[in-house]
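In what comes next, chain A is part of two complexes: it sits with chain B in the first one and with chain C in the second one.
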Partner chain A sequence: MRRSVSIAGLGVALVLGMLCFGTSQKSHMASAQEKMSTMEVKIDNFSFGPVTLTVPVGTTVTWTNRDDIPHTVVSTDEPKTFKSKVLDTDEKFSFTFSKAGTYPYFCSIHPKMTGKVIVQ
Partner chain B sequence: MSEKKKDEIIHDHNHDGIDRRGFLKCMAWAGTGAFCVMKGGVLSSYSLSRVSEMSTAEMMGELSFVQISDSHMGFNKPANPDVAGTLKAAVDKINGLSAAPEFMLHTGDISHLSKPEEFDTVDQILKSAKPKDVFYVPGEHDVLNDDGKQFLERYGKSSKGGGWYSFDKKGVHFVGLVNVMNLKAGGLGTLGHDQLEWLEDDVKHLKSSTPIVVFAHIPLWSVYPEWGWGTEDSAQALAYLKKFGSVTVLNGHIHQTMQKVEGNVTFHTAASTAFPQPAPGKADSPGPMKVPAEQLKSVLGITDVNYVQGKHALAVVDSSLA
Partner chain C sequence: MHPFDIKTVVFAKHAQHVVLIHFPIALFIIGVLFDFLGQWKKQRMLAAAAYYNFVVAAISTIPVVVTGILAWQWELEGQKVKGILLMHLVMGCLSSVLICVVWFIHMRTRRKQEEVMPGYRLPIEAVAVVIVALTGHLGGFLSGVNGPG
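Moving on to the complex of A and B:
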C-alpha cells in the first residue's frame, strides 16, 4: 500500500513538473510514466513473450493473441487470481497487479504454454 | 518481439517464399475423415480420399463406420477460409461410399470457439450425411468458457460425468473418452480419476475376445508431448484394456494421420476436416499450416472403419478429401 501511495505521490510530482516545463518535456514525461504502468505480453507461435515479465506493483499487463488459434491467460493458483475469456486472434486481456509476488500462468487450452509475471 | 515479426518470413528453408506460419496457414485447408472397417476383429482405417482406389471386397467387413475430426467450425483464417465447405466435401465423400457406413464418430473440435452457431452449422451439415447416428467426444475447442456445459447439453445427454460413455455395435464395444477438461499448467490431456474408475468398471465384464474401439480427442499415446500431443494418464486407461485381443484407439487433435501398433493396441489419428497441422517438431509451434488451395483437400480427411465379425481383426485407413 505504502509503495502505491508513494508512486501516486511521484505521479503528482511529475504532473506538477510537466506543468512547469513546457510541451516537449511534458510528452517525454508522460511516455515515461506510461511505460511504468503498462506492459505487453505477446502470444505468438504457441508461446508467451516474454515468458517471464518483471514489473513494479500497480502495473497493468496486457496480453495480445497474435496466433491464428485461440488462447487463454489463466493463473495457475486456486482460486484464480486472473482468468481471461478465450482470446481469438488479435484479442487482448489486461490485468492490473496490485500486490507483489510471483504469478505463474498458462493457456488452459494449450497447457504446455506457460509464463510468469513477477511483481516487485 | 518486433511488431513486424508476424509478417516476416522467418524460416524459409525451401526458398519458396513460404515460411512455417505461411505453410501452416495453407495446411489449414486439410482435413477429411477416415473410413473404418472391422474385419475379423481388426480395424482398418482408410483415408476417405483413398477409398475410391479400394475394391468392394476391401471395404466389406462386419461393421464399418466413419471417423471425422477437428471441423473447427468458425475458423476463418487463411489456412482454410471455408471450413464449412471442406466439411461438406467430407460428407459428400461419405455419401459416395459404395457401402454406407453404419454411423459416424466425431473425435472433437467440432467448433472453433464453442459458439452455439458453430455447433448449429456442423449439425446442419452432418444432417445431410447418410449415416444418421453421430457419436461425439469433445475437443478443447468445444468446452471453452463453460467447462463443457453446452457440449454436454448438445451431445452428452446419455453420457457420464464429463461426457464419457460406451456403446456396443455388432459385437464391438465402443468407448468415448474425454481428455480435454481440467488441463493443468505444463501438462497434457487428462482423463482423471473418475473417468478411469468408470472405464475399469465398464470393460471389466466383457470377454477378452470383444473387439474394443476407444475414441477420444487428444491422442492416448505420446505423439509429441512437447506440443501437448499426448494424455497424462492414458497408460492407466490402456492397462484396463490389456486383456483384450483387439484394441483400436482413434484420436484427432493433431490434424494429420498417424498410425502405431503397440502390442494388442492399434493407434490411429484422423486428419482434420478443416486444416492441417505440422508433423511433430517440424515447425516452431503446432499452429495451422497453410498449403496451396489446390493441395488443401489432399491433406484433409475422413476415416472410415470397417469391422468383420467372427474373425478377429480391425483395420483403420485414412483417406483425404481430394
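Moving on to the complex of A and C:
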C-alpha cells in the first residue's frame, strides 16, 4: 500500500515537473520571439541610431526620442508608408513592417536627419 | 519631388524660414540700437536710419511668418504643437506684432511731423528686442544649429 502511494506521488511529481518545464520553455520561446520582432531606433543628438536597421518581415520598429528637442519620423516615399506625430523627449513611435523592402525615412523638422530600415 | 513645386522651393532641404528669419532680427535690433543712439546723441540721422530699419524689418516679417506657418502646415501637417515648438510659434507671432508696433509708432510720429518721438517707444523696443532674441534662440535650438553637421 505504502509502496503504491509513493509510486503515485512520484508519478504526480513527474507530471507536474514536466508541465512546469513545458510552460517555462514556452514562455522562454515567446520572449525570444518577442525580442526578434521588436527593434529599437534611438533618436539622439540630431541622428537616428542605428542609421540603417535590417529586420525580418513582421518586425515592429520603435523609435524613441532621447534628444532635448522635438523630432519626427517620416518615410520618404509617396504616399507616406509611416509618419509620426511630433515626438517630444522620451516619446515613442512604432511601426510594423509587413512587407519586404527598403524604407528610407527622415525627420521633417530636420531634413538632414535620415535613416533607413531594410526589411528582408 | 518636382523642382518647381512650391513645397520644394520653400522647404526641401534648405528651409526658407530659417534663412529669411535673419533679416527682421538683424534689421530690428540694429534699428533699436540706432534709435537709442539717436535719442542719446540727439541726432536726426540716426533716428531716420532707425526708421528705415524698422520699415524693412516690418516688411520682412511677412515672408518669415508665412514660411513659418507653411512649415507647420505642410511639414507637420498642422498637428497640434507643444513644448518648444509652441513657445517658438507664440513668441514668433508676438515678435512680429511688436516689430510692427514699433514701426507704426515711428511712422505715425513722422506723419504727424512731430519733433519729439514718444518716450514710451523705448521700453517697448527694449522688450521687443528681448522677445525677438528669445524667439531666435528657440528657433536656433529647434533647427539644430548646435547639432552635428
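As a working rule, the second predicted complex is superposed on the first by the 94 of 120 C-alpha atoms of A that agree within 3 Å, B and C clash if a C-alpha of one lies under 4 Å from a C-alpha of the other, contacts with A are read in each partner's own complex, and residues count from 1 in each chain.
Here is the rule we go by: contacts are C-beta pairs under 8 Å (C-beta built on N, C-alpha and C of every residue); 3 or more make two chains touch, one makes a residue touch a chain.
As the structure is a prediction and not an experimental result, all values here were calculated from the model.
K.L.:
Based on the superposition on chain A, does the combination of chain B and chain C result in a clash or a fit?
P.N.:
These partners clash in the superposed model.
K.L.:
One more residue to check, A:Lys42. First (chain B), second (chain C), both or neither?
P.N.:
First partner only.
K.L.:
Between chain B (first) and chain C (second), which, if any, makes contact with A:Arg66: first, second, both or neither?
P.N.:
Only chain B is touched by A:Arg66; chain C is not.
K.L.:
A:Pro104 contacts which: chain B (first), chain C (second), both, neither?
P.N.:
After superposing on A, A:Pro104 lies in contact with chain B but is clear of chain C.
K.L.:
Of the two partner chains, chain B (first) and chain C (second), which one does A:Lys85 touch, if any: first, second, both, or neither?
P.N.:
Both partners.
K.L.:
More residues of chain A are touched by which chain, chain B or chain C?
P.N.:
Comparing touch counts on chain A for chain B and chain C gives B.
K.L.:
A:Lys112 contacts which: chain B (first), chain C (second), both, neither?
P.N.:
So A:Lys112 meets both chain B and chain C here.
K.L.:
Could you tell me which stretches of chain A are touched by chain B in one complex and by chain C in the other?
P.N.:
Touching chain B in the first complex and chain C in the second, residues 45-47, 69-70, 72, 85-86, 88, 108-112 of chain A appear in both lists.
K.L.:
Taking the complex as given, what residues does chain A use to touch chain C?
P.N.:
45-47, 69-70, 72, 83, 85-86, 88, 108-112
K.L.:
Okay, in this complex, where on chain C does chain A touch?
P.N.:
Result: residues 11-13, 15, 75-77, 79, 81-85, 141-144, 147-149 of chain C touch chain A.
K.L.:
So in the complex, which bits of chain B are touching chain A?
P.N.:
Residues 1, 5-6, 21, 24-25, 28, 77-79, 112-114, 140-141, 144-145, 183-188, 226-228, 284-288 of chain B touch chain A in their complex.
K.L.:
Report the residues of chain A in contact with chain B in the complex, numbered from low to high.
P.N.:
The contact residues of chain A facing chain B are 42, 44-47, 49-50, 66-70, 72, 76, 85-86, 88-89, 104-106, 108-112, 114.
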